[in-house]
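Right after this note come the structures.
What follows is chain A paired twice: with chain B in the first complex and chain C in the second.
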Partner chain A sequence: MPFAPVPQAFKSSLKEVVIGAGESAVALGGENVLPLYSFDAPIKNRPKVGIEISDLGPDRSLPELAKFYEGASSAAELAARACAAPGADFVCLWLEGADPNGEDRDVADCVKICREVAEASPLPLAVQGCGSPDKDARLFEKIAEALQGRNVLLLSAKEENYKGIAVAAVTAYGQKIAAESSVDINLAKQLNVLISQLGIAGDSTVMHLGASAAGYGFEYIASTTDRVRLAALAQNDAALQMPVIAPVAADAWSVKESVMSEDEFPEWGPVERRGADMEICTASAMIAAGANAVIVRHPRSAAAVAELISALL
Partner chain B sequence: MGRFIVIGERIHCISPAIRAAMEARDPEPILRRAREQLDAGAVYLDVNIGPAAKNGEDLMKWAVRLIQENCDNVPLCLDTANAAAIEAGISVYDRSRGKPIVNSANAGDRKSNVDLAARNDAIAIALCSKDGVPANNDERQEYCQELLEHGLALGMEAEDLWFDPLCLVIKGMQEKQLEMLEFIRQLNDMGLSSVCGISNISNGMPKAVRPIIDSTELAMAIECGLKAAILNPCERRMMETVKAADIILNNTLYADSFLDI
Partner chain C sequence: MKLLFDRVFDGAGEMLAMAEKEIAAATAELGEAAPISMPNTAYSLACHNAYLGKQIRNVSELARGFSEAKEWASGERRLGGAFNAGFATFMAAEAIEACKYARSPDPYGGEYHGHMSDAEVRELGVPLVTGDIPGFVVIIGSAPSDEEAVELIRGYQSRAIFVFLIGGIIGQARRQNLNMGFPVRVVAVGPDIWCAAHIISFVNRAAMIFGAVKPGDREAFDHYTFHRIRAFVNAFRPVPDIVVASGGGAIAMGFPVVTDDAADMWPVPKSLIIQQNTADFIETSLEARDIKIKVSKIDIPVAYSTAFEGEIVRRADMRADMDGSRSDCFELVVSKEAHEIEDHSIELIGPDIDEAEPGARTSIGFVCEVAGKAMQSDFEPVFERKFHNFINCVEGVMHTGQRDTIHIRVSKAAFDAGFRARHFGEVLYAKVKSEYESVVDKCAVKIYTVPEQLKELRAKATEIYNRRDERLGSLTDESVDVFYDCILCQSFSPAHVCIVTPERLGLCGAVSWLDAKATNELDANGPCQRVSKQRVVDENIGIWEDVNERVREASHGSLEQVTLYSIMVDPMTSCGCFECICGIEPFSNGVVIVNREHDGMTPLGMTFSEMASMTGGGVQTPGFMGHGKQFISSAKFMKAEGGPARIVWMPKALKETVGAKLNGTAARLYGIDDFVSMIADETVTEDAEALLEFLGGSGHPVLGMEPLL
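And now, the complex of A and B:
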């Protein structure tokens, strides 16, 4: 008997969230099929790749990365360089220096950097906070105001600070936010419900479901992402139909494989190659699990993941 | 399994306010009740225009258009003894959010409502009775098979026949409750859908007691596989039960605010 494929497109679809403005704007989500299942129905927007830069600059001990950013010192210069990396759809500025336990750069300085980066970036911009809920809330409010009209994505609003960020960034200035939970499927839904109860529509929010590097408890984030996508499509759960973003850089570059020196493990080969490989594996696996966008650090990773996406879709 | 389907029962001409609004073609009282029920979590709305022997067709068309145009094409359950009025209502019905439901057919003098549903690609609520209440599950099963075969012969899909076991009042027929639940389980095991008007069971009980009895029997019926119920979604205890049951049966993902959505 001949095989007759039965397409399994769902009646429900993911919301579509647009970041950036003008011709370079990118749309995330919108599809009504499982991740990469383009044989069931056309995938409205292919997964997007963001490239991360830090306000503290790149790790110049990695030769390839140092060469890529050679001559670029300010965040704006780094951003311009990152935007030119093959495969990059958007740039993500990580305000690492704002961390109160680190350099504790003040809000006004951070806003100035964001403005310069936005000016220098031909691609859409995401801004990642320092991780301190209090500092990020203060930062995002001012950044949202300063970058009005640029339609930036702010990462992230968490349970502790979502109210101020959602109202200031989305309601007042029309920016987009990521709702961040850490590998907790019920909290992911709850946070979306709470944000929607502030009157914010699903096309202004993406979900950051948590992160871990491949091989380091990755199955938890993979199954969480999987379950979210199934709830969104098979159960038509409007509280989980937001696209998923996976910033994998920080985790991928902090595990043993990415940090141990070649002197200690000569058989492992160069550190930089290993770090990029960890990042590529993690980002690819997140796309297979249902991420609509990934954020990576190394230009080699951006190129490899973009090539994978093009080959599959 | 999908989420439990609540059919809101509050647009019913037995209510003086609704009857007056229907007679005067006054939109506001009807729309207010429609919105209240949707806000409370109803999926379908029942529109009962009574026997409506006179002008039933115009009235049903008016009600269907009014409610759908003002409530994002909410799917409706058309409820009257006047079959021509149901058909008139379907003629102006928007199916974008779900097929219309014909309420209701039985194996007796209302068997032709299955034909009505079949020729209009609608869902039919099929009461497992002929005249009066079924004596036992053998009788229910007999009427169920009769209606199922009838519908299938007319080209209907089995999933478009929602069988009503007939809820019996506890005061007087207390010993029949378990049998009714068992019948819902039988339908479920056969892959058939079931629906019921749950509040019949608490007829004649004090007002404060009714939601307790209704919601408890509803929870038990949902566990047996009940797909939908016609009930008052504005009764908080009922919707809390439906939402909690959907969580326990894994029909929807838990979140702390589950009662609010």
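And now, the complex of A and C:
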């Protein structure tokens, strides 16, 4: 008997969130099938790849990365370089230096850097905070104001600070935000509901469901992402239909495989190669689990993940 | 006496006449085509834009807008008409101000703030929408004295309320050298009542920016301002008609007006309030607009953190020892009417800690009075049970027990740092206000330390405890309209959902129906949601279509149906934190219950852990079920299979814990006395055959019941 495929497209679909403005703007989400199931129905927007730069500059001890950013010192120069990396759909500025426990760069300086990076980037911009809920809230409000019209994505609004960030960034200045929760479908849903109660439509929010490197408790985030996609499509749960973004760089580059020196583990090969491999594994697995965008640090990772996506879709 | 409606219409007439004159003067001076605009805004004249849906660009358009506004003020002298007249007053006021700005881009030259830019609207709008600024006040006129003016402004500032000033009070504040400006949240808007147009313009732009309200949709503006903008007006006497007309507009927007002018004034509940004591303006206003002030820090001389929760104060280190098992101590939460409580009042009645000998045993009683529109007396015990956590988190203070069995110790170190009895009140006040923000508007604490008085108060408290227990006992699944679900455990058991009913508490034993209800009221988007019980399928085994729908949704499709009262048909699932597990015992047709603490064998040939492995994880295993200890004595315990009469074996310790209540239930349901003695335990046997023998000997009712399988 011949095989007759039965397409399983769902009646519900993910919301579509656009970041950036003009020709380079990218759309995330929008599909009505399980991740990469293009045989069930066409996938409206293929998963996107963001490339991360830090305001503190790249790790120049990694030869390939150092070479890639050679001669680029300011965040704006780094951003311009990152935008030219093959496979990159958008650039993500990580305000690592804003951390109150680190450099504690003040808000005005951060805003200035964001402005310069936005000027220098032909691709859409995402801005990742330093992780301190209080500092991020103050930062994002000012960044949202300064970058009006650029339609940037701010990562992330959490339970502790979502109100100020959501109202300022989205309602007052028309930007996009990521709602970050920690590996729990109910917490993710609750945060989305709370944000929507501020009068913010679903096409302004993406979900950041938490992150971990492949092999480091990754199954939790994978199954959460899985369940979120199923709830969004199979159960038509509007509070979970936002696209998912997975910033995997920080986790992938901080595990043992990515940091141990080659002197200690000669059989493992060069550090940089290992770190990029961790990043590629994690990002690919997140895309398979249902991420609509991933953020990686290494240009090699961006190229590899983009190649994988075009090979599959 | 002049009627309130007449005052509004007369006032509106005055403002309109003034606007007409100004527009005529502007037309003569600048010409009909002269541009009209406010600086730094994309919303043109925001009041005209909001109410008429029209952008005013030049003098002639302003004149046309004016004739429309005039019609708004010519309606019937009734409520709707008065509200319209109020809006007409605002448009007329905006027209007057617009003419000023048409002549000069900066008519106030820094002396007054005047028009607010869109950037300022956003800057102030964000914290207003998020609640970081709890609201704003518009103060109009002159306070009785300069000092009182400043005291009022500072009072609002200290509560983080944004202050707009119009008229005489600005001069008063300047004479007292009060620092003013946007950064300090006190803005001198302008000298005359028509300057109020700038504030209304701000509000309307906020509605357009943050609420996406469409110009011209006045109802949507009213709805937005009423629900989202926590504003109110304080007007000092004398209040002329023109201010009354503006007040009418403010009230229509949902902003109450509080005034000390009683002459020709008609109080309207919640909207127009006469408060002749100006010192009480703040309290009256906040209450009228339902504004709650957040408590941000606990005012005590020692640290406060969950890190100190498990801290033990040993006898050698203690300065004060209050022991409810040896003297009269108690904790009590009582709800009151709002007017009966002065918020943040902390009263110590009796000697303080330092008046007793070091280490001496004393007694203490806390009465925490709370008031709030959404407060229910069912929440009292929920708050009260948290006192243990609240007080335990104080560095150098230990707290155990609840109700009248509390035991508190204060360490020498905490005492030396300055900790006194009053600080218990500060802790309870701050925690109750912040943790239960959504229901507690006001909170006051009384601390009693006189032994004779405590004896009397404890007796009264005991009456209240008893009444509460009766209330809890009288709640049945039939007597309530809703159940609650609880998905707190889904972080580690993703498919599990508890349905909590008055007679079936959560299987962890920690979430009763009242707890779930309180959790829901306090956090509407939290882990406990209301589950209706309208569509009954089978009341005997406990199937409701509503319940099934919720279970399907909350388990994200893993479960299709649960029964509330059966262990054999679609039993409720378990996460893994069950207090007890019951499983069927096939020889006797009964069930064995084992609690988590029991580590021995059971007649099923399985230990608790072995049974747990088949029961947890959100799966339905007919014949096995996790549940709370209190559920054992419930009339709904496996009601479908005959109820608690099925219980044939329990560990001895569990029998002791639930025995009295279970006996009561058995007497009520089956007329059996001392039912617990018919149930075997580990001292009788852990063997199935011996169990059957014992049951025959004890005359256990299960032997006459239908087979389970």
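The rule we apply is simple: the second predicted complex is superposed on the first by the 313 of 313 C-alpha atoms of A that agree within 3 Å, B and C clash if a C-alpha of one lies under 4 Å from a C-alpha of the other, contacts with A are read in each partner's own complex, and residues count from 1 in each chain.
Keep this in mind: contacts are C-beta pairs under 8 Å (C-beta built on N, C-alpha and C of every residue); 3 or more make two chains touch, one makes a residue touch a chain.
Quick caveat: nothing in here was measured; it's all calculated off a predicted structure.
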Fit or clash - chain C, chain B, common chain A | clash
Who does A:163 touch here: chain B (first), chain C (second), both, or neither?
-> second
Partner with the higher number of touched chain A residues, chain C or chain B | C
Determine, under the contact definition given at the top, whether A:231 touches first (chain B), second (chain C), both, or neither.
-> both
Can A:312 be said to touch chain B (first), chain C (second), both, or neither?
-> neither
Could you say whether A:9 touches chain B, chain C, both of them, or neither, answering first, second, both or neither?
-> neither
Which superposed partner A:141 touches (first chain B, second chain C, both, neither) | second
Regarding the shared-chain residue A:194, is it in contact with chain B (first), chain C (second), both, or neither?
-> both
Once the structures are superposed on A, label A:185 by its partner contacts, choosing first (chain B), second (chain C), both or neither.
-> both
With the two complexes superposed on chain A, say which partner A:172 touches: chain B (first), chain C (second), both, or neither.
-> second
Run through 183-191, 363-371, 381-389 or 543-551 for chain C and report the one that clashes with chain B in the overlay.
-> 543-551
Touching both chain C and chain B, counted on chain A across the two superposed complexes = 185-187, 190, 193-194, 197, 227, 231, 235, 237
Quick one: in the complex, what on chain C touches chain A?
-> 119, 122, 125-127, 129-132, 209-212, 487, 490-491, 494, 525-527, 553, 556-557
Give every residue of chain A touching chain B within the complex, in rising order.
-> 185-187, 189-190, 193-194, 197, 227, 231, 235, 237, 239-240
Touch list for chain A against partner chain C, complex | 141, 145, 163-164, 167-168, 171-173, 184-187, 190, 193-194, 197-199, 223, 227, 230-231, 234-235, 237
Sites on chain B touched by chain A in the complex = 2-3, 251-257, 260-261
